[in-house]
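Please find the structures below.
One chain, subunit A, appears in both complexes that follow, with subunit B as partner in the first and subunit C in the second.
This part shows the complex of A and B:
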């Protein structure tokens, strides 16, 4: 375990991260001066909001050594449910706050479903969540149907994410609250301790009476709920419902968590680092677009970052007798 | 997914961890499922379709379904070989699509030589996956997820996000789709031949036994001097090569290739077909011949779904539930194992 401690503790590595982020900002502003403008940095904050919410849930699951691939599917399903229950071009009744409750509820249920199947039927989490990913996409596609594009008709709602409060966009405030809740959850609750214990050494957690199964189900449930929440925010930002509203998010969230030193084998990492990882990737993407790089390269760049990051993290652990599947 | 073979706490605490899961232990019908399941599921699907839509099987329905099943079958066969060693290749469908695009670009100028060059290239891509998994010892699902992103970007960039039409030499590949043997396109027969070859590889050769040993007990295989690293590279290279063959079937059917066109959605059907074909996600149990029925079943799903009156849009929902149910039914479980 200790061999891999590049960044010891969740906060201690944070300073070096701020330096890296500052370097990225300086380099890109030399390439395109518009990069460091206030408008663009606000734009970056808006772009970072959705992956920031997602990375909290993803980190909870990865800290246990499991993985949640279902984020994009759950985002699609929750986003479609939300828009169809809010003022949209298809008409229908505006359910107001209930739209939020039902949409995040769908996310919670899909997340809990992943957790229950993963633990009770003892199926690897990546297969279960590959399944729930497609269940989510399927639900969203059925809700989308063949009729009119459900675009958001309420100006107040569609402008809410980018509107400024105290100089920062609303969606970023929302994401910050979620990240803060994640930090508190990991640091100060029994659930958080349990998640770290499972990730660090599951057999030991079992014999010490840690309620492993309920904790795992809860972690997947929270991840699903946050994916649903992020789906609503992404739908608002897009201004219309779409089953593919979460497209590409998986390639931001998992690399972000991994480059920030959250080990895929579990037990190591934290919310602060994951959040900084998201910022790095979003800044990088924004900078590349402003530098005139074809957006088609994005999934390739993030994919390459993921590959390099997992190789770098696992490199010191190589051993002739080690088994990695 | 990451187990260390050095004696650690899991060995010490195993007697106490029995009560960890309420549904632990083997399902007794597992052996039966392995032998007959894939065929029975296929038969049930065909029965459903023929009851609801009797005209379907009489006309060109068979040709359409087997044509659609060909690319699924080939991707699934490659996936099954990787699942056989207990890993997974999330990038092989993207390799198939990239291969199809490269072939569509190479065919007009280089003809058959172009096809072969692309097959060599995709086999190499697969081998790179395998080499990183084997020698950097990283979890395959994470690595191939990253590779999936890279190959998707490569497909978009090489095609310029446009449809590449095969302007010359088109009939060299389209004949594979249009020529039918016993009412079934040659592309599907190609899949059947590959399945038989892989079955023989696993059944009769020491290489195949080495792959099985890795899937059943990798630590044991290492101690038994099985060359696990090399065999892992081989398994992933086979996956890349077979994905390239799937690329041929895509070009054969469409006469063109694009990053968002035919064949852009093969990953999940491929995994589903391998699993419905009785391949165990935990490794060591693969019958390529059963995967043929798995692929046919998966290709029938959209048609069966429509036949029983559910909209075609429910496809991915059905695939998703399919994967979960099949994995739940077929995963081999041992009491002390930690499942991540």
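This part shows the complex of A and C:
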């Protein structure tokens, strides 16, 4: 498949989402001018950074037509490992950069494990990653034990995600690098092409000599690594470690990828669209709070706006398909 | 195995006839074996310790309060010499109920404390325990109309710490710290949880009655989740900026998340916080005066006290030392004491977090009974009245 065409497709699908996002921003800014303030922009960027990192891994896996449910478990395990190896209220040794290496390494190993079991033992990814999710939570729970809440004692670390570099929060820079790497990986590497080929038609990919098994294992490995990374970032943002640090992320990330057009059946979609999906969900939540929508109505209003947005974006697409027929 | 339907399945045999046959057969069997012939004689037979099992069911095993619940159950188990099983519900009512049913199927007399995931779980659990002839005390969440006295002695008691009082403590602390003037935001827990509702009602009522010049800017339910508390606090900071003078959270978990958000926004020195639970980290912040003495009020109660009292009440019933149906109302639907903690009096409570505190509490409780052990004495009868 022509990679330029693929990339182009991702951006093209993204344009209508950019319009929807702009509309959301304009409407919420009218309701509360603070919505469009620099302060809120930074706030949204900080909040989006964890799901942005996760959505890259999730998209890689979904593009192959698989699914990765282990996100929250890996986040919990990696976050706990990281904080216990960093300066925290429980004491212990500060391992500095090794804390990052070991924590993301655990994410990588759990991800690779999912990939190996999924491919070599031919177990559906849904089932395997449900298992690794629980393994992650179990690991985090054991590490948490029953002693004091491990809170970060280093102010430099706990404030790092919200500190600004060139006007934007550090956590967002980190997430941007990950998203950019994801875009490049899909558009310009053999691994990316292989992932799309598997998602489009796996038997055909096998016949054409695409190394399906190594590619699948690598994609799950990367997703695990990124979940680990996101677990560290979430722990830093919270300022303390908790096995449930990833709570709710799975149902932000997978819908974000899917509503923005990454097909669960694989082969269609891309990083840019998934990232825009994340922004839509985060902006909606943030906007509803700033607009002062009663908490009793927030879920309902959130769902309604989301449905309207999806219908609006897909409408022209639907029309074209009808003409083509 | 013979069952009634199989016998009654014969067209020549009615169900009534079958029942009569079985009744006669059972009586004959009992007489032959020389077993006690009256039901009351059977009920009064003391249950041997080796036939009992203590069960503590908690919502998860990572929240400090739940960990403390487990600690109390362990201390009582060690003291009484009865084995203990922990049920981790993982936040799911389904998991909770199925694990409890599995334990009930084990055949031993179950003495149970349940910190229910949701109020609606309580009737199902109580019914299952009753069928298995066990004894259960429900803590925190139970539907208002599901009263122990209507179920019988197997539902020993419904016990809780009044949420309204907790909310009032927080309002007093923030109100006094702000000198009766200013703006606050609220972070309730899961919106439809009884515990959160009562705490919110107490907080808002106390502000209205005692500090009418303090305005509640907004209330954002944060589901007892530190991350959500953190996120909501970030949004509220953007929305109101330095207009916020105080933050009240329905528990310390959410407060921990909220304080981090205010610290990152450089506002921790200007805002006062009050919450419920006095978690160890909160106690450390209170001691160190984090921010400009940001935490002004807390409430004190410990999970180990709740589980020990709950289990012990059920144990006393199982061993025939108390008969719930003969107890006064406040001992079946019980409200226990809650202490308001301030930066001036927190020292009184640190002893309850010593490593042997749970064991000491259990010793004192066994000496004085489940309703008279400091600092969690019985203070009244439920259901809790909401302020008008």
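The rule is simple: the second predicted complex is superposed on the first by the 284 of 325 C-alpha atoms of A that agree within 3 Å, B and C clash if a C-alpha of one lies under 4 Å from a C-alpha of the other, contacts with A are read in each partner's own complex, and residues count from 1 in each chain.
The rule is simple: contacts are C-beta pairs under 8 Å (C-beta built on N, C-alpha and C of every residue); 3 or more make two chains touch, one makes a residue touch a chain.
Computed from a prediction, not measured in an experiment: that's the story for all the values here.
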item: First (subunit B), second (subunit C), both or neither touched by A:254; value: first
item: Partner chain(s) touched by A:19 [first = subunit B, second = subunit C, both, neither]; value: neither
item: Contacts of A:202 with subunit B and subunit C, given as first, second, both or neither; value: first
item: Touched partner set for A:46, first subunit B, second subunit C, both or neither; value: second
item: Partner chain in contact with A:130 - subunit B first, subunit C second, else both or neither; value: first
item: Which partner, subunit B or subunit C, touches more subunit A residues; value: B
item: First, second, both or neither for A:141, with subunit B first and subunit C second; value: both
item: Partner chain(s) touched by A:101 [first = subunit B, second = subunit C, both, neither]; value: neither
item: Touching partner for A:32 - first (subunit B), second (subunit C), both, neither; value: second
item: Footprint overlap on subunit A, comparing subunit B with subunit C; value: 141, 144, 296
item: Complex contacts: residues of subunit A adjacent to subunit C; value: 32, 34, 37, 39-40, 43, 46-47, 89, 140-141, 144, 146, 148-149, 151, 158-159, 161-162, 234, 237-240, 242-245, 247-248, 285-286, 289-290, 292, 295-296
item: Residues on subunit A engaged by subunit B in the complex (per definition of touch); value: 64-67, 73, 117-128, 130-139, 141-142, 144-145, 201-204, 206-207, 212-213, 250-251, 254-255, 258, 264-266, 294, 296-307, 310-311, 314-315, 317-325
item: Residues of subunit B touching subunit A in the complex; value: 1-6, 9-10, 12-14, 16-17, 20-24, 86-88, 132-133, 135-143, 145-150, 152-154, 156-157, 161, 218-219, 222, 268, 271, 281, 283, 311, 313-321, 323-324, 327-328, 331, 333, 337-340
item: Complex contact set, residues of subunit C against subunit A; value: 60-62, 64, 67, 70-71, 191, 218-221, 225-228, 230-232, 234-239, 241, 256-257, 260, 263-265, 279-281, 284
